[in-house]
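Shared between the two complexes below is subunit A, which has subunit B as its partner in the first and subunit C in the second.
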Partner chain A sequence: MTQEAPSSPSATAGFAHIERKRLYIAIWITLLCLTALTTAVAYVDLGGAWNTVVALLIAVGKASIVVLFFMHVRHVIERMIRVVIVAAIFFLALLIIITVADIATRGMLSSPHWLTPSFFLW
Partner chain B sequence: MANEQVTVAEEHRGLVKEQFDDSLQQYQASNLGMWLFLATEVLFFGGLLASLTIYRYQYFHAFAIGSHFLSVFWGGTNTAVLICSSLTMALAVRAAQLSKRKDLIVFLVFTLCLGILFLFIKFGEEWHHEYLEGLAPGVNFTYHGPHAPHVELFMFFYFALTGLHALHMIVGCGILITLIILAARNRFKEHFTPVEIAGLYWHFVDIVWIFLYPLLYLLGGRFGH
Partner chain C sequence: MGTGNSIALSKPGEEYRVHYLNAKYGIKSWLLTTDHKRIAWLYFISTSFFFVIGGLAATFMRLNLVSPQGALVQPATYNKLFTMHGTIMIFFFLAPAVPTVLGNFLIPMMIGARDVAFPKLNLLSWYIFITAGATFLWCAISGGVATGWTFYTPLSSTYTNTHVISAAMAVFISGFSSILTGLNFIVTIHKMRAPGMTWFRLPLFIWALYATSIIFILAMPVIAITMALLVVERIFHVGIFDPALGGDPVLFQHLFWFFGHPEVYILILPSLGVISELIAAFSRRRVFGYEFVAFSSFAIAFISFLVWGHHMFVSGQSIYAGIFFSAMTMAVAIPSAVKVFNWIATLYKGSVALDAPMLYALGFIGLFTIGGLTGLYLASTGLDIFLHDTYFVVAHFHYIMVGGAIMGYMGGLHYWWPKMTGKRYPEHWARVAALIIFIGFNLTFGPQFILGVEGMPRRYATYPPKFQFLNIMSSAGASILAVGYLLPAIYLLWSIKYGPAAGPNPWGAKGLEWTTASPPPVHNFDVIPIVTEEAYAYGHEPAVVGSAAS
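On to the complex of A and B.
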């Protein structure tokens, strides 16, 4: 049984938003340039810590571009998807920030003597 | 109007599963389901990334030494390879949306080739080289310079993270092969949902690498060594 195919491209796509090919090419070039940039910046002495910050900012920028354009979140039809993305980022941030905060502040305050193991082990 | 046409075409060929009202609902549910899976994947990699952050904070110099053993050239090349594969995947999804079967197959094959090239560089060039250099912890680790135990720890992170990422790439290549076979059988005519969610997975794996490249290869800068 043959179904009559809709003739125009937009009709075939139905509910999805179709990006222009030129936009994808522009995104691709941007991503390649940012990769070159992040590699180049690594060879410039910004004092170690700032190198990491710049590298991570570029990585976040690249990831956002991929999510918005290649993964179609810019024109996403289901709004719950945005909630899922924000939740994923939130819980990753929670995981890293809380753990780092714990490690970084250990030993800053001395524990009361009755909390130390030797108190219980007479 | 256009939606109705597609809906009729898809339902006619049994492509809308019985639990869904129509193809639009199936499309939305499939997309949301894939995004939920990707959210769990973020936390799957997140455990390793959080521990990498902490150990790198504690053993900064050792991790910098370990990082400088890695090849920025091959790491950067692989980043470019994955970005190119993301472009071809996005174009494949676009071809599926437009029901252009020939374009779809061509772009899927391109994506698969780039994925295999990535794995070839990763295993054949990088891992092989690092193994021969004595940088493979537990197998062949011969570095005895300063901070040796913590350099080994860094290499553990390197192999665990790139290995986990490579595993996702292998799964992705399997999905691509399946899609190519189904596309050859004309299964995606006016029905692009499977291609679109496979695309989401492929782009996600690309994003993971976008973070792994600076975190492992460019850690704390490459200057002065």
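On to the complex of A and C.
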């Protein structure tokens, strides 16, 4: 005789919501518009690093839309899936923050002026 | 239904029983299988093939280094050989070996499930892996690539004329195989545990594979996108890593090593899990500090994402980043040491049996410790400037990769071989092979520590004559190591046909996988077990010494 392990009722709850087709098309058009905007902005000199900033903001917006709607994350109710999402964002942040910290401090070859032996001895 | 006349593992006179190996016959039954145990065999055959190819590349390298002028190949060919060796061994043997062979076979059996959560996805992972492997072999056959397995820019993006794009695409594709495997394992462990199999009753091998799967999912996308960016820069000259185009070559190193160092733990963590199983089984004791050993896998996995810059101390990285990465690297030694000390404490007053798997486990502890401690040398920013890119580094990571990961894999393969095949291997030969591998390994890589300290740089086809003695020693050791690996290949294959029947639990070990027949039935358990005791619930029964065929 075989005894089956009970399946968890929450196994499918995280993705139970089905979006309407019209919404998907609207999201798709929004993504296309944002792509066009990225291309258009690339031809305008915003000065300094602002072109990069704007391009990244648009990219983050597009990624957020994909994650929230196409990946159904806005309807996620299961705690474990939330943990996975937060963990993914956290590790991406680690990569970006530490890499940027390296680039930002690469030119600082000597210790800061306040970091002297007396700093540790007071 | 077959009658057991082609690959059946039962001899004339033995009782015929249907199991996963003889339930279906024919090449189609293997190539379209969704049985996790058969997929484990597909991985076993394919990763073993890549191990041989990677090993052949190493053989040619060691032969070349017998003479200071290079005894065998031109420097350009040598560059391709070490690239092929590193790429194949890391992406096509070491990373998949323990998770996809032992993990695939054992995770459902250890947690009391009939299969993994997504059996078709499991098979798809193998096909993606094979596609990636075939792409890399095509790259090698069509001329090879000479960037090293690290694909550093601007060499890979601008200067080399070798086949970077196909090699990068092979790595890109292989990442998806690992991601799918990791996803499958995580869901399986979460959702398919047998009744009563609580988290703290899980075998430590499962904890280790769970941590590995997390790294798979977090690190592999990064190498995939890095390889894609490299290909984009090489083909379309978009400025990402090339300073002439406005890019930053150190950015490539950041992206590569954000994947690359966790990758090291992808290679070693599963073997750490295997060793916990072996130590418990062959000392007849519950692993000392079970919870600490379990959580140390997660600590290693987490900290492994914070140490990548220790590969970049001399790359122009900020000194402040260097200080941070140095400190984090020191920190990752702590959970690693937790495991080692707890294994030793487990052995204390245990009923230790020195069967072949245990010999591998004991060898692992020593070699992994040497590999780990020499890693601390390299984590020291000042000392690393002296040792960077010397043979000291080569010796250090081979003590982790070969002395650690492969010793663990070999130990695990011997331990679970009777379960996988239903046959026992000749224990005497297995012990001899374990000893030969241990001696050959130390003779190969021990001298390389000295070569490194004396200043011999890695990745050169020639060297000053003063280094010849130690290089010959290393090459001689490699030939002994090769014999050590050849022996199991012979007697394990021999055992499939001629070995005596193993029975369900030849080692007298604890764990759900030992409660079912060997080889297991198609769906692992006739009745899903209900777990009522903790992992490694050994009493004080003596070990079954020399229980395999002698």
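The definition used in the following text is that the second predicted complex is superposed on the first by the 89 of 122 C-alpha atoms of A that agree within 3 Å, B and C clash if a C-alpha of one lies under 4 Å from a C-alpha of the other, contacts with A are read in each partner's own complex, and residues count from 1 in each chain.
Everything that follows uses one rule, which is that a residue touches a chain if its C-beta (ideal position, glycine included) is under 8 Å from a C-beta of that chain, and two chains touch if they have at least 3 such contacts.
Quick caveat: nothing in here was measured; it's all calculated off a predicted structure.
J.: Does subunit C touch more residues of subunit A than subunit B does, or is it the other way round?
T.: B
J.: After superposition on the shared chain, which partner residues are touched by A:Met80: those of subunit B (first), subunit C (second), both, or neither?
T.: Both partners.
J.: Touching A:Phe91, do we find subunit B (first), subunit C (second), both, or neither?
T.: After superposing on A, A:Phe91 lies in contact with both subunit B and subunit C.
J.: Which partner does A:Ile103 reach: the first (subunit B), the second (subunit C), both, or neither?
T.: Touch partners of A:Ile103: subunit B and subunit C.
J.: State whether A:Lys62 touches subunit B only (first), subunit C only (second), both chains, or neither.
T.: After superposing on A, A:Lys62 lies in contact with subunit B but is clear of subunit C.
J.: Considering only the contact definition stated at the top, list the common interface residues of subunit A for subunit B and subunit C.
T.: The overlap between the subunit B and subunit C interfaces on subunit A comprises residues 1, 3, 5-6, 11, 80, 87-88, 91, 95, 99, 103-104.
J.: Within the complex, which stretch of subunit A touches subunit C?
T.: Checking each residue of subunit A against subunit C gives 1-8, 11, 80, 87-88, 91, 94-95, 98-99, 101-106, 108-109.
J.: What part of subunit A is in contact with subunit B in the complex they form?
T.: Listed in rising order, the residues are 1, 3, 5-6, 9-16, 18-19, 21, 24-25, 27-28, 31-32, 35, 38-39, 42-46, 48-49, 51-52, 55-56, 58-59, 62-63, 66-67, 69-72, 76-78, 80-81, 84-85, 87-89, 91-92, 95-96, 99-100, 103-104.
J.: For subunit B, which residues count as touching subunit A in their complex?
T.: By the definition above, subunit B touches subunit A via 2-3, 5-9, 12-13, 23-24, 27-28, 31-32, 35-36, 38-39, 42-43, 46-47, 49-50, 53-54, 57-58, 60, 64, 72, 76, 79-80, 83-84, 86-87, 89-91, 94, 97-99, 189-190, 192, 196, 199-200, 203-204, 206-207, 210-211, 213-215, 218-224.
J.: Okay, in this complex, where on subunit C does subunit A touch?
T.: Going by the criterion above, the answer is residues 112-113, 190-195, 218, 222, 248, 250-251, 254-255, 258, 305-306, 309, 316-321, 324, 526-528, 530.
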